[in-house]
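Note that subunit A is present in both complexes that follow, paired respectively with subunit B and with subunit C.
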Partner chain A sequence: MTSLLEAEGLSKRYGRHRALSDCDVSVPAGRVAGLVGPNGAGKTTLLQLAVGLLEPSAGTIRVLGRRPAEDAAELARVGFVAQETPTYPNLTVAQHLMMGEALNPSWDASLAEARVGRLGLDVRQKARSLSGGQRAQLALTLAVAKRPELLILDEPVASLDPLARREFLQGLMETVAEHHTGVVVSSHLISDLERVCDYLVVLVDSRVVLAGDVAELLAGHHLLTGPRRDISGLPANQTVIEESHTDRQTTVLVRGRGPILDPAWTARPLSLEDLVLAYMRRGRAGTPGPSNRKGLEVVA
Partner chain B sequence: MIRFAWLQARTQTAAVAAGVAVAAIVAVVTGPHLGHLYATTLANCRTQQNCVGSIDPFSNNDYALYGALGMLVLILPAIVGMFLGAPLLARELESGTYRLAWTQSVGRRRWLGIKLAVVGLASVAVAGLLSLAVSWSARSIDLEKANQFRYFDQRDLVPIGYAAFAFALGVVVGLLVRKVLPALAATLAAFVAVRFVAERWVRAHLVAATHTALSLQQARLGFTVQPPGGVTFQADPPNIQNAYVLSAQVVDKAGHQVSAAALRQFVAQYCPTIANVPLRPGAVFHAGHTGIQGPADPANPAAFNACIDRLSTVYHQSVAYIAPTKYWPMQWLEMGLFIATALVLAGVAIWLVKRIPS
Partner chain C sequence: MIEFHLDPTSGVATYVQLIQQVRQAIRLGMLRTGDQLPTAQQVVAALAINPNTVLKAYRDLERDGLVRARPGLGTFVIATLPPTDPKAQARFLASMAKWLADARAAGLDPDDIEAIYRTSFRNAFSEGSEGVA
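The block that comes next holds the complex of A and B.
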């Protein structure tokens, strides 16, 4: 099966500002992929490239095996909910559904109406008077009712309260389960995504610092604690992601498949949030300094 | 898609259309009455030989409506450009809804093409309706005035071309500026500039001009004092009914334009009685072959007429004008020019929309 999203050397710059740098990422088919990273990391840029709202400065991106927004057929295969879930303030809910029907040949009117009914939205209400959560749900309904093969959602829950967040993600998961839609959803909070995603991409400072199956990532990382010591004695198949020392204790986050046999270490699994935060810190720390970066730009 | 394009545009379009409908009704209702008033006023003043006095009351009251309706036709295209054209894309880009619109299953170019067609046709229809109503309403006064080119851009076909152009211009400006309010202002400025250029430097070249030579004895002329230097002679453009006079120059037998200095010298040499008249600088004394019109002149009118006779043996007036029969060809051509420009701009917008924003 073709990947949901496949990027090679993908870069996007605005003048001298790099929004996305040399990004290689592949999201396999049938996944619900979370795209996590701090604000300004390039998540929106990557997703807008994926729906064809932006054109790459360099590299390629394929969505469901084709160039994004290449033609109407490709547009129909991807449903998109943009950041801040834009809707037309002057149009009613019913008029938004009419737009969906007019602009999408594969529109599933009964699905849209059922969804709006279930959410308790008044179809005569104008979008400007909807709450943030209702607007997000309306935007999701528009994206879902075109019956896409892939849903791309850009921080859909960022402006929602915790309850609305939960409801939104629940609705998303129901849709995924029912229609076997692939999903790429971004958030700056891993807690939003860990319940729904089975694949994870972490972006920091315009670069991909981690990507993989969530279960594999969790199985492949351990937090080792032991008496303070030098960490050079760790097996070669363990990569140190992060280390910290106190007066008496050393803590190391390692990535690797093999067992840790040294009894001085206590190995613990770690939560997805801790894992992602460690990679975010590393991505930040690993960012080349200003002089270094300038040199790189000249080469590029 | 057509239905949705209309759904999005209908609020502004309906507001503009409602305003136009009111104006059109006013025009149609008042037109015949105004025309009648004007005709009777004129007829009265002609019999009483006092047109200045009897036209004034008409001018001060009812005539304002005639002028206002014409002005409305003149500014409607700018309104169309600002309120239907400019926001078409600028609002989507400013509020971020383009991200919703351009990720539906309709290509961006097709999406824009349909919107342009729907709102553009509505713009043209609105402008056409108002122009039709006002042209019909003003018809009897226009005929009476016998100066059809004076209201060229407020009547008949050209307002349709202006509206189409202003609309397309607004769309392109909105696409480039990407903010509604600056786009409104920029559209207005660009539209006024283009209309000015077209009126000033293009219109006269749309149809072939007629050239004719007028004897100075038939011309509207006068004597004037221009400091420094003495009395000189000037010829106003002739008043040709329903024609558009492009230029009127005093030329010699070879057809070369005569300089003011040469004329002054001529007057000084051959009309000494006039040259020595103590006129206030800037004062103009209009003379006709039958006598002096305007302020009473201290000198003998016969002296002026003799001077004109003398002048006309050497010089004549060369006049270039657009003949009255060229009115309709010119209307069609100017409308066509603006519609063609509108289509080019629409093409530019459709081409650009795929490249912006990125």
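The block that comes next holds the complex of A and C.
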């Protein structure tokens, strides 16, 4: 099957500012991919390149195997919810749905109405009087009702309270379960996406510092603690991602598949959040990432 | 029908938690042969998790011969889990007790012993056996 998103050497500059530098990313079909990174890392730039709102300065990006927004057919295959889940404040819920129907040839009116009904939205209400959570759900409804193959969402839950956040993600996951829609969703908080994404791309300072299947990433990293020592004795199949020492103790975050047999090390699994934070620190420090291994892509 | 609950602090992968809960429910008789598991959509709607996670759990349960997916109908329990052989349990309990006594006699304290147990458990179940650890 065709990848959801495929970028090669993708870069975007604004004058001298690099918004995105030499990104290689491949998100396989059928995934819910989380795009995580600090504010200003380039998440929005990458997503806007993916929906054709921006043109690359260098490199290529393909979405569902084709150039973003190449023609009307390609536009219909991708649903986009921009940052702040925008709606039209002066239009009612019903008018939003009418507009969606008028603008999208593949519009599924019964799906849109069913969704609005399930959410308990009053169709006569203007968008400006909806709560943040309701507005986000309305924006999601508009994107979902065009029956896209891929949904791209830019920080959809950032401004929502915890309950609205959970409800939004439930709605999103129901869509994935029902229509097998691929998803690329960004957030500056991994905790927002941990439950839903099975593929992860971490952006720091305009670069991809980590990308891969979530389960493989978790299985492939360990935190080792032990008495202070030189870490050059670690097995060759373990790559050191981060190390710290106190006068007596050494802590190392390693990447590698084999078991750690040396009894001096206590090996612990990491949470996804700790893993992402380590790569963020490393990315910020400007250290190059480890080389490609075992089907996980890591790009320096 | 059972409901799933997630423990986010357990450090156990979500799909493994789902598998454990189904196995436990079968073992305790809360799920019997012919009973239906919640659909992926129901689980997703309740827990806000990725449907692939549910499908992965159900695939593993199917591979183990506990459930069968019937296209268009759902996933159904097709087997019961025999309780673990009590003789084997007793035998390993006894050898563990002896091992612990030896370890204490050698001067290891409970933390040492737990560290050894955890390390060897992880090594035994992570090498070659996909995902279980």
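Here, the second predicted complex is superposed on the first by the 286 of 300 C-alpha atoms of A that agree within 3 Å, B and C clash if a C-alpha of one lies under 4 Å from a C-alpha of the other, contacts with A are read in each partner's own complex, and residues count from 1 in each chain.
Throughout what follows, contacts are C-beta pairs under 8 Å (C-beta built on N, C-alpha and C of every residue); 3 or more make two chains touch, one makes a residue touch a chain.
Model, not experiment: these values are computed from the prediction.
Once chain A of one complex is fitted onto chain A of the other, the partner contacts of A:161 are absent, as it touches neither subunit B nor subunit C.
In the superposition on chain A, contact is made by A:177 with subunit C only, not with subunit B.
Which of subunit B and subunit C touches more residues of subunit A is settled by the count: it is B.
Contact with subunit C, but none with subunit B, is seen for A:169 once the two complexes are overlaid on the shared chain. Once the two complexes are overlaid on the shared chain, A:24 sits clear of subunit B and of subunit C alike. Contact with subunit B, but none with subunit C, is seen for A:103 once the two complexes are overlaid on the shared chain.
Look at A:122: by the touch rule set out above, it reaches neither subunit B nor subunit C. Of the two partner chains, subunit B is the only one touched by A:54; subunit C is not.
Common to the subunit B-facing and subunit C-facing surfaces of subunit A is no residue whatsoever.
Those residues of subunit A lying in contact with subunit C across their complex are 30-32, 166, 169-170, 173-174, 176-178, 195-198, 215, 218-219, 258-261, 263, 266-267, 269, 271.
For subunit B in complex with subunit A, the touching residues are 1, 3-4, 7-8, 11, 95-108, 110-111, 355, 357-358. Listing the residues of subunit C that touch subunit A in their complex gives 6, 11, 13-15, 40-41, 44-54, 115-116, 118-119, 122-123, 126-127, 131, 133. On the side of subunit A, the complex with subunit B involves touching residues 48, 51-55, 69, 71-73, 75-76, 78-80, 82-84, 86-91, 95, 98-100, 102-106, 139, 142, 146.
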